[in-house]
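You will see two complexes here that share chain A, one where it goes with chain B and one where it goes with chain C.
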Partner chain A sequence: MMGVSSGAKRKMAVYLAIFIALCIFSLVSGRLAPHDAEFVDLLAAKRAPGGEYPMGTDWLGRCIWSRILAGASSSIFASLVIVVLSMLVGCAIGIVSGYAGGAVDEVVMRIVDIFLAFPGIVLSIAVAGMLGPGLKNGILALAATSWTQYARLIRSYVLSLRQENFVKAARLNGQSGLSILARHIFPNAIRPVVVTGTLHLSGAMLSISGLSFLGLSSSSAEWGSMLSEGRSLMQQCPWVVLYPAIAIFLVTILFNLLGDSVRDVLDPNGKNKVLND
Partner chain B sequence: MSKSSPRLGQGAVLRYVLRRLLSLIPVLLGVTLLTYALMYISPKDPVEMMLQAQGTAPSREVVDAMRHQLGLDRPFVIQYLDWLWRFIRGDMGVSYVDGISVAGKLLTALPNTLKLAASSVIVTVVFSVPLGILTAVYQGRPVDAVIRFLSFIGNSLPNFVVSLLLLYFFALKLGWFPILSSRSLISLVLPTLALAIPMTGKYVRQVRAAVLEQLGRPYVDGAVSRGLKTRTVLFRDVLRNAMITIVTLMSMSIGSLLGGTAAIEMIFVLPGLGYMVTSAVTARDYPVIQGFVVWMSVIYLVINLLTDVSYYYMDPRVSAGMGVE
Partner chain C sequence: MERETLLEVRDLTVRYPGAERPTLRDVALTLHPGQITCVIGESGCGKSTLFHAIMQLPGRVEITEGSVSFRGQDLRDMTKQQLRELRGNGIGVVFQEPGASLDPIRRIHVQFYEAMRAHSRRVTKQAAREKAAELLRSMEFPDPDRILASCPAQLSGGMNQRVAIALAMALEPDILLCDEPTSALDVTVQAQIVDELLRLRDEYRTCIMLITHNMGVVSKMADRVAVMYGGRIVEYGPKADVLHHPAHPYTRALLEAIPTLDGQPPRGIPGKRPDVFPAAGCAFAPRCACASPDCGTCAMEKHLILEAHWTLCPKGVTDGV
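Our next item is the complex of A and B:
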């Protein structure tokens, strides 16, 4: 980590702390809600923010603040799961493919090519179409399309590390393939994966709320679906849309700041700088 | 790839394109197989869906007869090959919901999405290239800080949030634009901006990085010290070399807009491809989803190929890579 200013490290530490706090908060936030997020009270419908309902209520009298808190767990948790899941699957496939080489590598890379032939969200839409709506299905649909970037990334590192002398030395010493992978290759290839993963967080957040917005993922209190349900009421009671929008915006900003700062510390030469999507 | 390798002729480019097209065949087979398999293993039975859409109660005999009639009782491979053969000939089947041919549905929806995608990419490029150059040239100055801050904000806003904001202020509060889309050009303004604003945020960052990278090259210092105006160097050389980044970004954007316009089309009730496929997913209308997915991949692969070919015309050094490989 030479050449990285202590300012950059401090910045990363701060964002990381906020991020971890937010993740812990999202696990318990549903219980902190003053009202039941799904409780329908037509007498309290369309109340403006203030008093008992700090963010107002929607057309069914559900408390927006409580729904934001309940939605935090699904929105934030979902983006984390998408990143971790695609990271694990992608890395496992990429390492095996790169280390095995030969026919295995060839087959795996052709499969990756096929997955990469689906543009953007199209494959997610197809998977969501097959599985039907639901948060779990939305997560699966997005992880099914994003594992390829990890597979390709780690494979390229494995391929170059395999040629390094310390790996050759380990092989001459009689270490098994598995132990070489675990002790020499993985620790050296993990850094770019972490950078890609943190940069992926905000994209995952936007994708899962986008799928929910389209009605292809969660239908309960999730920020994207709250926006989608509330948009017809925007003129009458803008707060129904305003607060979930702010929530998505703030969390995405935090994820972006975290991603940028992690990249600045772990990858100061900027291999991930241009065209990272 | 040596710098002195001769620029390849048109014949070499043609051979490169042909080779790439051939390599697309196995990929497309994989795409169609995966798409068909996804719908095949789906837990919902298409025959029951069709009967429900027609309002018939699915009785066992009717379902079996219909499965046989549609050929759904055959083995998977036969069904897939049959589907693929019809697909190649342009017959993508009919929608389970309304019985309209999938080809017809795609063709009606395509122009709306194309218009939206094209206009938003154009608006994005028109705004982000000058802004990106500005931030790079004034690196570290207030202008740079303000534009970078704004582009960071834009990058953190999903397009459906932007469109709701635009809709609220410019259509509902100020009444400058219509809420729903019509055929008029003015109704395209808000959806275009909704897509262009987040994209501009992303582009400005990348253009800035590309221009900064170029400005650090020795040829820039050389040209300036030879007495060329900075502006001349900027627009004649730097921008030309940064073009590759811009073209790459554009092809990536078009890829993500194939389907990525769905939320915008829903909000502005614009009957494009995204709108069509979202309704199809909700109704489990498999032929429509299949047709959409495969065609989007075909378009995407062609765009990628065109992008790679365009590199040849922008940077002669790339052509060396086309010959070898």
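Our next item is the complex of A and C:
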């Protein structure tokens, strides 16, 4: 019988603070770059880290440090937007579906099944292809395919929570349906969703770089595409892939640590271990 | 005997949606302030169905005949708003599993606040907390503030169950419905809860309806006992009459099945509870020691033994007492 220790809360607060700082930083980091991220200088190509270029340059002589700073917005901010967007849409649809039940539930879940019948990335590519290239369209394409996991997850929780005695007790205490939904069902069902969401962050980050690798998202600097474009140079000048990889690694680690600490606080019993499908 | 009637269950026949046969038949029961009514019987006899029928949770059970009325008003005629008002204020509930009525992720004091706020928008967090602390203190919790600041997972089962009772009592309901409140707890905690329910009854004149398997609890608490079998109340009466002069063969068999310390092994009831009870005649006849052929067809009428003590078995009157 362990409660939420203040240590767990402090931990979450720290990670959350770093996370928020990182998000804000990603919005402005492009302006902090010492060089133009897209500036090609073939004379300075493949420079080792040091001096004018703290992280070296790639095969076109673009400053890697500048590109990482510039790419932070598409990598971090975009993955955040994808997660939040699909979480909002998925939760709204899932809660309505689970709480309404009956025909509504049936129809919504069949639509979800249709979405799930396609491999996620293929569907995203199709949507991004229709919308045209661009970061915004890339985000939309990925959110359009990932809301289904949230809808399914929260629906299943709403369904099982509806049978719980404390929900019955709340009703038998005279609480109204809407207040039960808002105060009992939603807060109980949201925990696994938050955990899934934080895990989804890193996946979303890789997906958006996958799309940009295919030229379907942002065409400017982006961590994922830096990695995939530079991988042929790995032996010759490892810094081209090393620094974007470290950036992805650190941010992913932070996202996962945040996810874990959020779970520790929201779910002290450990009843809902990582739920992911 | 003129007494205020809080809840009246009249000839209630209930079935689960989609079921062919009713689960409850002709159940009649009245509850008065300050009175404790125990409903006993083996699993599947309809005790919990009765509980659901009284609480009118949507989609649970279907009342086909009879009625449940609270202070003279039929529950089915109530608007949603009236029902909401009744729940909590009029009738409080305590469930079987300790603390099942507590939301696992909300602190206890928030749950008190929410329960009170559902009935009065003016309740402040502070007032709710004070009221809760006072209730918990009256239930002999040594440290109410710590309890109120805890989540259910931080408390033991017995504590949770007592908190659940306090939560149900926070709205000072006229009736407290307890669905086997002690069966998941160990004996010392059971005794504590029994004492607390008794004290609440004395203090607030709450009417308690207790569904239980536990004969010890019945003999300690009950004023009236209703024995159920096969969806009917087969015997009803004051505690002393029912426990000491049981009239229905099922009640007798049930009492004989209690283990005692005098070295005699308890006698079980032969046979198994059928999955489907017969539509006509006595449901207990196939297992009854004194059944006769016409038991399977006889009409189920109440046979009065003494004032307020009746049984459905005609034999109970002749060779019972």
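Please note the rule applied: the second predicted complex is superposed on the first by the 206 of 277 C-alpha atoms of A that agree within 3 Å, B and C clash if a C-alpha of one lies under 4 Å from a C-alpha of the other, contacts with A are read in each partner's own complex, and residues count from 1 in each chain.
Basically, a contact is a pair of C-beta atoms (placed from the backbone, for glycine too) under 8 Å apart; a residue touches a chain by one contact, two chains touch by 3 or more.
Note that the coordinates shown come from a computational prediction; the quantities given were computed from them, not determined experimentally.
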item: Chain B versus chain C as contact partner of A:Leu159, first or second or both or neither; value: neither
item: Partner chain(s) touched by A:Val96 [first = chain B, second = chain C, both, neither]; value: neither
item: First, second, both or neither for A:Leu227, with chain B first and chain C second; value: first
item: Touching partner for A:Arg171 - first (chain B), second (chain C), both, neither; value: second
item: Comparison of chain B and chain C by chain A residues contacted; value: B
item: Partner chain(s) touched by A:Val127 [first = chain B, second = chain C, both, neither]; value: first
item: Partner chain in contact with A:Thr252 - chain B first, chain C second, else both or neither; value: first
item: Partner chain in contact with A:Gly210 - chain B first, chain C second, else both or neither; value: first
item: Contacts of A:Pro238 with chain B and chain C, given as first, second, both or neither; value: first
item: Shared chain A surface residues [contacts with chain B and with chain C]; value: none
item: Chain A partner contacts - residues on chain B that touch it in the complex; value: 26-28, 30-31, 34-35, 38-39, 41-44, 152-153, 155-158, 160-161, 164-165, 167-168, 172, 206, 209-210, 213, 245, 248-249, 252, 255-260, 262-263, 266-267, 277-278, 280-282, 284, 286, 289, 292-293, 296-297, 299-301
item: Residues of chain A that touch chain B when the two form their complex; value: 110-111, 113-114, 117-123, 125-133, 202, 206, 209-210, 213-216, 224, 227-228, 231, 234-235, 238, 241, 245, 248-249, 252-253, 256, 273-275, 277
item: Contact set on chain C toward chain A in their complex; value: 55, 57, 84-89, 91-93, 95, 97, 100-106, 114-115, 118-119, 150-151, 153-156, 164, 167-168, 171
item: Residues of chain A touching chain C in the complex; value: 1, 3-4, 164-166, 168-176, 179, 183-184, 187-188, 191, 266-269, 271
